[in-house]
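Alright, structures below, take your time with them.
In what follows, subunit A forms one complex with subunit B and a second complex with subunit C.
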Partner chain A sequence: MSGMLDSGTLLTTDSGLRVEVFDLLGAGGQGEVYRVRTSAGYQALKWYYPACATPAQEAIVRQLVGRGFADDRFLWPLDFVADARGGFGYLMDIRPDRFKGLPMLFRRQLRTSPRALLKACLYTVEAYQALHSRGIAYRDISWGNIFFDPDTGDVLVCDNDNAVVEGDSTGISGTMEFMAPELVRGDPGVAPGTQSDLHSLSVLLFMLLMNHHPLKGRRELAIHCLDEAAERKLYGKQPLFVFDPQDQSNAPDPTEQATVLATWAAAPDSLRALFTKNFTAGLHDPTTRVRESQWRDTLRAVLDAVVECARCGKQNMTEPRAADPGTCWSCGSTLVLPPRLVLTTPPPRTEHHILLHRSSRVQAHHLDPEPARHDYGDGTLVALLTEHPQKPGRFGLANRSASPWTGTRADGSTQRIDPGQTVPLRSGLELDFGGARAVVRSK
Partner chain B sequence: MPAGVTPVPLWATLLESVQGVNKTRNQDYCEVQGRGTAEEPLIMAVADGHGSAAHARSHLGSRFAVDLFVEEARRFGALAQPPGDERPPSLAWLMHYAEHAFPRQLVSAWRGRVLGHWTRTSSHEEPGVSEEHKVLLYGSTLIGAVLTPRVFAAWQLGDGELTVVDEAGQVTVPLAPAEADLGDETESLCTPKAWRRIRTHWAPVTAPWRAPRLIAASTDGLSKSFASDRGFLQFMAGLDDRLSAEGADSVRAVLPQWLARASRHSGDDTTLVAAWHQGDPPVPGPAVAPEPVAAPEPALAADPVAVPDPAAAAGTGTGPARRPEPEPEPAEQPSPATTDPAPPTDPHGRDE
Partner chain C sequence: MSDIPGGPMANRPVHFIWLLDCSYSMQGEKIGQLNYAIREAVPEMRSVAQDNPAAQLLLRTMTFSTTARWHHQDPVPVENFTWQDVQVDGMTNLGEALQMVARELDTPPMPQRALKPVLALVSDGVPTDDWKTGLRAVDATPWGRKAVRVAIAIGADADRTVLQEFLGNPELQPLDANSPKQLAAAIRWASTAAVKAASQMVAGATDPLAKQQAYAPPVLDDDDDDVW
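Now for the complex of A and B:
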């Protein structure tokens, strides 16, 4: 079976770029994606199925191409392409191999870590926040549209061709599993937009962290065929959170849905509280849904509070600032809290509690009271916890920034830490990062 | 259609299974049915029961797998193109259903069926036998496909091959795993949360002439009889050629011999189901946007079919005009003395 376009087919984009179809990369719900050769090298071409190649879809794609969006978190439509037979599509970059689809995660075909997943969640939140802040609603957030790097947590949002300016009522069915209940029900006067995106985003975050859908409990298991009518009931007419504190009738089945019971138990209270709010009150009142900034702040704090189990080495999410870290989700051992770096940004003051494990890092966003974007890459590294090369078990904080710090010991003496230098960690040590200040606390 | 007129099948179907040498029973099971229309989607499935002592009831597990797949596939076909004026779901919804709901429902139904069978046929409840151990007894692989005028979808769990020959004669195995299973290990319906391991092939039929020409599902008894993947692909290309040249009746007649020979090489039960499109697909009109349309009308009689040559079927014929024919190729293990010719040469270089 072949795709709609034959290899060797020649097309020309609106901007005059010559495109030669090379091979079929995959088929989706709206169209097929081909690898194509252009003067700029290999790129990807999305080509719509005839049934989806509507004037409305063409208008959206043309608008998105015209708008442009130079953001490395998105595979944005770059150029419009049409043939002489009424077919059309758009050119975009090819997704790098390091980005993997979420189905691979849910099928346990990827090796990743709680830290990478938390970063992926944080980056996902900020990616959609970036769209929303520009007045664009994505409208089709689902696990098929986001890819992530299981090592770094970097995300790449694909299939952006349903995004429209907020208020545009151009139809999109979306994926019911991710659609806000009011859209599934088809409530009069309700259109997909940033408010419904918030529900889809919360579903996606829940699935990333809990490996399960938030509304698929016992009720789903009782459904023989999950057809449209059944989905409409499950996600629209009678949605019920699997961990609804007031109604356990859709609680996870302990045998069939054991995974989500385990992942929920391993999540810190602050994350569970946001999910519970979103999937109880937020199911019925869109205005109470968790906003991106709330997700961002909570995810960042939890990420700073991940600790390795001293016994088995597995990463555990702990409640930020809590005195009792609980027990390891893997081996059941009591977790031990390491010292922490309490970092306060310049006004408006934000306090970060960074647990100091063997590879702890202070990033540029930790020093910024209102960072536009979080980045855990080496390019924004400020400080790195390092072990003394001759004295195992003794740690210091290495200055990886371009500016000197000032350290003040508990006895009041000060020390300048130039870029590249390391300051030994001592309880009570205060550091001035040039605006942001931090203190090392043993507990 | 006028009353009393038997519809001409759009697809010719093949179905054959042979028991492996030294096997006490054939653990494979298969089915193929339907016409590839909205009302009667083309449905095919093969399953390979694992067969060892740990899977003592796997001949039943494979049968349940195929039967339940056919049920789910019929439901999928009805969802893809509901009867009457009911609005069909979007392709996006259907793809999501195929990739997520279908595997879950199928695995859940299979587990329910085998546990029910265990309860009915066990004389007493053994307290020490867990649900997982009961399910293990029935372990089986599964490959299944559905073709409607709107969409071609297929699913695979475990070994075996789904083979597709497109309208240009290109042979592909779209559900081949990224990494082959090691040794005799294979994924199975008895694996916990098996639905997670089911691979899905999704290919909307955007125009009738883009639909597959040949679809085949086979157990690994066939592919293992070849020394290489290339040999298997050549077999399938040859099967397609033979069907085109001589028609389905001719191939149907010799298929048991081919599979028996393959089974002798692989030592395994060997099963093949296939569906071959009998008519010429409609030719696209110039400058007309391709729209999803119903499958082509039933084709007229195919070209006159050459009389099958038993010698050719046995691989010993030497006729100069003979088409390349499917012929299992010995795998790496020592094979019995044979006069088998080399694997058929593919005139189109399709598997290169």
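Now for the complex of A and C:
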């Protein structure tokens, strides 16, 4: 495969780094991506097609490089590179292999779990929130530029070269199915920005969890050729949510669109409510769109409420704090609610209900009333539910933090749980994690 | 049994038809270059199809010379598509080829639901039959009217007016392929950009191939060391 740059081509970045083109990794809508050798090892070089190598694009890339964004969730433009013939691009890190494209998920070609998907959603929300809170609009949120690790849910946002400071009118229009209706229609005075990003983000979350587009119901099936005019109608002129409670005329077809019926049935009410709000009122009034903080709070609560089906072992999302967990999406058995850890953070107090399945975890963010970021990795593990090594069936909470906890039994007696020690699970056991407090409840 | 609810995402087919000129004027290096260019483009077509789960890319090839014939009669999913070299013979009966394509663009044999089909014409010469009637037959079918069209002119003697008329849009230009490198780039671009245009609509473009600059093919410095 040959591209615009030949192997062996030597280029120099703005900061003086020498770059040697090694091979072509892939091509996208705006340019090609090469693996290049630098003194820092292998990196990636995005090189724009001549038609896309415009002064406006150069200005965006230079601004992004200059802004810098040291955040491991983004493959950010690191350095500007130009040749002597008017071509240019930028240097970035290479995407590690563990991150997979969403098309593989949508085709069900990889193994993942509801917990990993919920984490991927939460991390995606927080990644865009990190941009938006700095006044940067991404403007091209779609399945093509986010990658995820199917085991951990970690996400990596790529193709950040359309992100601009809010209010900058530099135009790319984006893929229609992810665009806010007012942009699809081309309403006067409307430009892509953080408010329209919120629509795109909700579409992406819906696709991650439901494996379907939120506006593709019977109306889409009635279209023979899904061309621009048809898409403009579906996504812009007459958008209608497939689960709109007031208007069922775009409801999914039970045969042709069975996937979304199955995934929606497996979703808890609080998530459905956010999607419904976003894709009913939010379609027509951008100010009512679900904000990142609402997604974040709901997703993390649902994540704490995932239970394994006692019969088949599949993970099920349940409604946080609900008394009735419903039935398993896979085998149909009635789900059984396990005991829970009710955790209260220091002021401003936030309460978390963590259902205690066989490998439940308490993470640092559970103890923080306003965590800047959620992280379910081992580096932030505080407590881990573990089985007694000699007494199968007996479980306890292992202290994986660096400081001791104080436990208070139901009879008022206290005990100290040092790092590495495990306290047996008992109903009414109270734990002081050093600020945050928790109590074990059987229901 | 899957660990997550729901089956694969629903998709629609994209029917992609190569129309390849195999007249005598293509004899020698040209046909070899064409075979090579398409062979090279297949992995990229797979990659662009893989990146778009809402589309299923189905390929067919028609060659035209003294007669027009299907090189692949039935649509082949891109994952299973293998290229067999085409050979040259005889005249340039583009009209017959277009008539045969038009028959495939009726419903049925086209399904009730699909994305826009893609018609990619590659030619080096002047048609020797009534190609205008053939083109009208394509334009008379609902899917033919909607089709994304790309045209590649091989060599300086190609009849660009015919290709321009095939495109049916003054904003679109046939791609010139005057060297093996240009041909490979043009075929690669046609195979990927046209599929994207058929399956990923971009707002603000009435004809995605015309106005969406992002799909414009790379302009090459033609500095390869071919001997002419």
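List of remarks:
Here, the second predicted complex is superposed on the first by the 442 of 443 C-alpha atoms of A that agree within 3 Å, B and C clash if a C-alpha of one lies under 4 Å from a C-alpha of the other, contacts with A are read in each partner's own complex, and residues count from 1 in each chain.
Quick note on the criterion: contacts are C-beta pairs under 8 Å (C-beta built on N, C-alpha and C of every residue); 3 or more make two chains touch, one makes a residue touch a chain.
Fair warning: this is a prediction, and the values are worked out from it, not measured in the lab.
Partners subunit B and subunit C clash in the overlay (superposition on subunit A).
Judged by the touch definition given at the top, the superposed model places A:C225 against both subunit B and subunit C. Look at A:A266: by the touch rule set out above, it reaches subunit C but stays clear of subunit B.
If you count the residues of subunit A touched by subunit B and by subunit C, you find the higher number for C. In the superposed model, A:G86 makes contact with subunit B only, not with subunit C. Contact with neither subunit B nor subunit C is seen for A:T350 once the two complexes are overlaid on the shared chain.
In the superposed model, A:M176 lies in contact with both subunit B and subunit C. In the superposed model, A:A53 lies in contact with subunit B only, and not with subunit C.
Contacts of A:R111 after superposition on the shared chain: subunit C is touched, whereas subunit B is not. After superposition on chain A, the stretch of subunit B whose C-alpha atoms clash with subunit C is 57-65, while the remaining options among 57-65, 255-263 or 309-317 stay clear.
Subunit A residues 1-4, 27, 29-30, 49-52, 85, 103, 106-108, 144, 173-177, 221, 224-228 lie at the interface with subunit B in one structure and with subunit C in the other.
Here subunit B touches subunit A in the complex through residues 75, 79, 89-97, 99-101, 104-105, 108, 131, 152, 164, 166-168, 170, 172, 174, 196-197, 202-207, 210-212, 287-292, going by the rule given at the top. Touching subunit A in their complex are the following residues of subunit C: 1-10, 12, 40, 43-44, 47, 50-54, 107, 112-116, 142-143, 146, 181, 184, 192, 196, 200-206, 208, 213-221. For subunit A in complex with subunit C, the touching residues are 1-4, 26-27, 29-30, 49-52, 85, 101-103, 106-108, 111-114, 117, 143-144, 172-177, 179, 183-184, 186, 207, 210-213, 216, 221, 223-228, 231-232, 236, 256-260, 262-263, 265-266, 314-315, 329-330.
Interface residues of subunit A facing subunit B in the complex, by the touch rule stated above, are 1-4, 27-30, 49-53, 84-87, 103, 106-108, 144, 173-177, 221, 224-228, 255.
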